[in-house]
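The following blocks contain the structures, represented as structure tokens.
One chain, chain A, appears in both complexes that follow, with chain B as partner in the first and chain C in the second.
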Partner chain A sequence: MTQAQAKAEVVLRLDLITKSFGPLRANDAISLTLRRGEVVALLGENGAGKTTLMNILFGHYVADSGEVDVFGQPLPPGQPRAALKAGVGMVHQHFTLAGNLTVLDNITLGTESLWSRGRGRAVARAKVEALARDFGLVVDPMAKVSRLTVGERQRVEILKALYRDAKILILDEPTAVLTPQEAEALFATLRKATALGLSVIFISHKLHEVMAIADRCLVLRHGRVVGEVDTHATDKARLAALMVGGELTLPKAEAKVAGPMLMELQSVSTPDRGPAPGLKAVSLALRAGQITGLAGVSGNGQAALADLMSGLAQPASGTLALNGAPVTQWSPRTAVAQGIGRIPEDRHHTGSIADFDLTENAVLEGYRSRFSKAGWMNWPAARAFAEGIIATYDVRCPGPATRIRLLSGGNMQKLILGRALAPGPQIILANQPVRGLDIGAIAYVQSQLIAARDRGAAILLISEDLDEIMGLSDVLHVMSQGRLSPAFPRGSMSAPEIGLWMAGQGFTEGRHAA
Partner chain B sequence: MSDIIDILISASFWAAVIRIATPLIFATMGELICERAGVLNLGIEGIMVIGAFTGWMAVYQGMPLWGGVATAMAAGMLFGLLHSTLTVPFGLSQHVVGLGVTLLATATASFAYRLMLPEVTSPPKIEPFQPLDLPVLSDLPFLGEAIFQQTALTWAAFAVAALTAFTLYRTPLGLALRAAGENPAAVEAQGLSVTALRMGAVIVGSGLMALGGAFLTLSAFSSFFFEMVNGRGWVCVALVVFGAWKPGKAVLGAILFAAFDALQIRLQQTDLGAVLPYQLFLAAPYILSILALILMSRRAEVPAALMLPYNKGER
Partner chain C sequence: MRLEPIANPSTLRRLGLPALALAATMAVATLLALVAGADPFATLGQIATGALGSRLAVLETLNRATPLIFTGLAVAVAFRAKLWNIGAEAQLYAGAIAAVLLGTGELGSPWVLPVSALAAMLAGALILLGPVLLKTRLGVDEVVTTLLLNFIMLLFVSYLLEGPLKDPMGMGWPKSPALIPEARLPRIVEGLRLHWGFALALIAAVLVWIIQTRTTLGFEIRAVGQNPAAARFAGIPVNRVLLKTALLSGGLAALAGWSEVAGLKGHLSQDLSPGFGYTGIIVAMLALLHPLGVVISALFVAGIFVGSDAMSRTAGVPTYIADMLLATALLFMVLAILLTKMRVVRG
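Now for the complex of A and B:
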């Protein structure tokens, strides 16, 4: 902390905030001070209580005890309006934008009296454009939000706060959905903002970002503050140790010689679905004993590729071949029958049925074949299978009769992982397998994927996390707008180089194929 | 064919179209406001019955006609309050609550009718609204009879439609309502109350639905009888979809449906009516509406948060 900042006015003080959800203590006596022009990072794993704390500050939740002071005034609890009025602006992790409205409408929503008879759109527009210029947040105010990219939507969220003259800006996991270049642009905006006297709370679990942007860093673990450090006086390793409460290293996949081609896509295209692009003449080879990583900002065709691999979509043109033979009939059932193990992107929506128990969820893919006889369910076999997964994959649960919705995300994912891997599939689709998991569960899931590779499976790993892709993949591709980059062998690309591909540079326009 | 042309060029046909469209416009605007804020209001059918009953009963009990209108609106808003309390803060299923409100409202009307008029065999008549005589306009050849000889409530319906469109698209309140139907979290994050907006929309919308019902007893007919709403509420739910949740298009839809309806009544009296069973004519507007619905609503932008209860602070 510099001398100037030490003396700067305190703009925000959280005092002994405590909040429980049932038996879970999400925040346990957390205190935080924020000064003018300062960036404070809240660092912690998923479930450490960062978002809960900020939702209390912003009035989405009411704390069980503790106080919030903004500019020396106590903030009434549970009122987002009061927080906004006091100068607190929040950019939520899941954007709070109405897609069907224009950028300008989203920004001005709630800023005018509801009972005024007209809307000062011209004045509002001029103000938005001036702010956009001053802070480097380029976006068309008259565009519909549903047509914007994720990066642009985030700019709209920041403009929303600035439009209300926010003095304190809270950013919840702002870089999770950005390319490295977009993240850099965001940091530039934040530096401009702090130079103009704004204060920023930056929530993240990415260490290098915290080191790059924050002046100070508050580390949370299990709802408690476990450390408060000056980022200029620490390093990533020490922050990591604080964050997880000890040394923990993620598995590294050692290079191996790849085997034969198990699945091949040749110039496959699929139709666009609304704003989500389909595949544009994608050629891809998945080889035995190899993890193929797929990097890219979400919504760039990864879903189309995952749907194709899991049988939910058919190629509109081009060929799909399994073990060298072209596939004609292609549906989810044939994909299961061909032994493709699938770890779906969203474990809640497509990966599981929340009110089914673990046994039922474990046999969702095999109930017609492996776990039934002459049309009757073989429940003892199903239960034994579920118990096997629970034991082998360390699923923490009361038993196979537990409804899956009661499990934590990590344990739910372990069950899905076990369901996919137990039959020993030769081809595995792992779509965002560690999203939202804590670091212990991440290490476990990743080591299981590496083990599957080492026994000869071909794995497609889709992730938005570049570190994960670069750490695990034997070869990697980048997807942008439905196009697939060439294959890059392990270690041949740096993160900024991949970022350029993610932003759509380097692709030879795939027009000839379309 | 010449029969149809004869009907289409008669002034009385167009006057009937506008008259039939009036209750549909009121109730469609009511439903549209609810749905734009994110609440499907299937109480519409019953609320129209309540509006028809209370408006008529108030006038029968000695209130002036406009007092009947106000009573109907208030009764509708009361049922709107019930509906929105259950669907918004309590977050119950909008389908179940809506159908429940329809059943309750219909039964309440029937119960109150028997209670207040125990001895009556045929419902008593009231003196309904008379067509307004507009200077110059009402005396125009053809157009005067076709368009400008309507009651005050019909003009009110068109005014309500214009006001709805203006409010939704030109005022901060309308923006907030639309946002509540698109993404309530966005509304909450901007410091507005989703609960207040949605409840207000359902209450006002239900009041308009009741006005649609009241038009039937206070303007179109001079009495109340059961079955008089006769599915108009459900038609209005479809008209909202047909109009792609836009007031202007929804009004056009209401007029189109009314035109089919007016046409089939007149066609029954032609040579065609002698050949075909009359049930076919009665069904025609609905069949044509379904076809129009299929054609028109394919690219509609449905309010993204329609039918999704919003629970503040849920995780």
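Now for the complex of A and C:
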């Protein structure tokens, strides 16, 4: 902290905030001070209490005890309007914009009086343009929001808060949807904002971003502040240790010699689905003993590729071959029968059935071939299989008769992992296998994938987390608008280079032509 | 106010709330009787006596419960897969027509009963086939198609009874000729007015229960109903499962009409069903879609109907009280079910 900042006025003070949900203490006596012109990061794993704290500040929840002061005035609890009025602006992880309205309309929506519509428009536009210039938030005020990129939409959200004279900006996981370049632009904006006297709370679980942008960092674990550190006087390893409560060990994935080609896509295309692009003449080879990583900003065709590989979609043109033989019949059932282990992107919606118990969820894929005879379910065998997964994959639960909805995300994912890996598949699709998990579960899932690779499986790993992709993949591809980049061997590309491909540049410039 | 899910509802909550719903229904019944100008306790007492007070009353209740068990099972099976079959009434009449077509002819006598039962199930299944194919192929809402088919079927029955199936000896009444004796369901005990349809309904309930809990089809039906996206991903052929569910559901509903014709009436007329198909929805919902629960709730609903008939003859309270009682019972029960899973939270 610099001398000037230490003396700067305190704009926000959270004092001993406590909030419980039933037996769970989401926030336990959390205190936080934010000064003018400062960026404070809230760092913690999923479920550490970051979002709960911000929801209390913003009036969505009422704290059990504790106080919130903004500019020295106590903030009445449970009133989002009061927070807005006091100058607190929040940019949520999921944007709240109307796609069919213009940028200007989205920004002014709700601020103008019902009767004066039209009169203040020119004034509003001038104000938005001035803000955009001052903060480096380049976006056309008359463009329709539905035509904007994700990065541009985020700028609109920030402009929306600034237009309402926010002096304190709260950003909830703002970089989750951005390419590295877009994230860098966001950081530039934040630096301009703090220079102009705004204060920022930056919620994240990405260490390098916190190191890059924050002045101070509050580390939360299980609802408590476990550390408050000056980012200039610490390093990533120490922050990570604070976050998980122990020294962090990332799984080591050392390169191996790749085996034969187990799955091959030759110039496969699939139709677009709404705004999400389908595959555009994608050729891809998955080899035994190799993890193939797929990087890209979400919504660029990864879902189409995952659906194709899991049997939900068929190629509209091109061929899909398994072990050198082109497939003719292709459905989820044939995919499972051909030995493809599939970990779906959304474990709640497609990976499991919430009100089914662990046994029923465990046999969802194999009930017909392995746990029934002539149409009769073999429940004892099914239960034994579920118990085996629970023991082998360390699923923490009361027993196989527990409904899966009662499990934490990590344990749910371990069951799905066990279901996919137990038959020993030769080809594995892992679509965002660690999203939303805590660091312990992440390390476990990743080590299981590496173990599967080491016994000779061909793995396609899809992730939006570049660190994960670069750490685990033996070769990686980048996807942008349904197109697939050439294969890059481990270590041949830097993160910024991959970022350019994610933004679609490699494709248009024709560099690294396939 | 908003609802918050409860992870593990307590036993008190799971048993107390339905009991409370029943008590609330009784309270409403008391009010209804007061409005009709009768002594509420006497009214309720007469409903109970009318349903259970004598051997005749009990047998009448069991007879009335028979078609309700079949339609209740039909609805429970379909709803379990989130296939909204509102058309049990039409499927019931399809079964009744099959019973008449095969039961009044010259079919070899020892085979006529099983053959007409199978034909009835097939007819009911076929009625539901169209709406399900429209749903799976074109995404047409089955609530609309199955509901509208009820009216088409009623008009079709009316046409049959005025035309090709009209009994020439019927003195002009729109009814079909009587079934031959071999095509009738015998009584369970000679001399007592209770036919084998009731026993078949009980067997059907047990069979459906076994299908749902022990077979792959039952597993598939439950999976498709709970989460079709996860079922599809796991490799369950969702559309084929919906088709099988529909065939089962339509067949069960058709047995209601078949057993009414072959067991009770002996012929087909336009008043064969006083809305058994629709009441089956109430029966299934009250039973929480559990096939064995359907038997209990069908007996309850039948008892209310039979009891109310008897009560209105003596106390002069209109029989509409039965419909209102069932409607309130259903509403309170649905509320009780919701509140066992959710709690109301302020703010």
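Everything below uses one rule, namely that the second predicted complex is superposed on the first by the 483 of 514 C-alpha atoms of A that agree within 3 Å, B and C clash if a C-alpha of one lies under 4 Å from a C-alpha of the other, contacts with A are read in each partner's own complex, and residues count from 1 in each chain.
Everything below uses one rule, namely that a contact is a pair of C-beta atoms (placed from the backbone, for glycine too) under 8 Å apart; a residue touches a chain by one contact, two chains touch by 3 or more.
Keep in mind the model is a prediction, meaning the values are calculated, not measured.
With both structures placed on the common chain, the touch criterion links A:K85 to chain B but leaves chain C unconnected. Once the two complexes are laid over each other on the shared chain, residue contacts for A:L262 go to neither chain B nor chain C. In the superposed model, A:P344 lies in contact with chain C only, and not with chain B. Look at A:I442: by the touch rule set out above, it reaches neither chain B nor chain C.
In the superposed model, A:D105 lies in contact with chain B only, and not with chain C. Judged by the touch definition given at the top, the superposed model places A:L484 against neither chain B nor chain C. In the superposed pair of complexes, A:A41 makes contact with neither chain B nor chain C.
In the superposed model, A:L32 makes contact with neither chain B nor chain C. Contacts of A:A303 after superposition: neither chain B nor chain C is touched. When both complexes are aligned on chain A by C-alpha atoms, chain A residues 62 touch chain B in the first and chain C in the second. Chain contact summary for the complex, chain B toward chain A: residues 170-173, 175-176, 178-179, 182-183, 185-192, 301, 303-304, 312-313, 315. Residues of chain C that touch chain A in their complex: 7-8, 214-219, 222-223, 226-227, 229-237, 347. Listed in rising order, the residues of chain A touching chain B in the complex are 21, 55, 58, 60-62, 79-85, 90, 92, 94, 96-101, 105-106, 108-119, 160.
Looking at the complex, you find that chain A touches chain C at residues 62, 78, 310-312, 331-333, 335-336, 342, 344, 349-356, 360, 364-365, 367-368, 372, 375-377, 379, 406.
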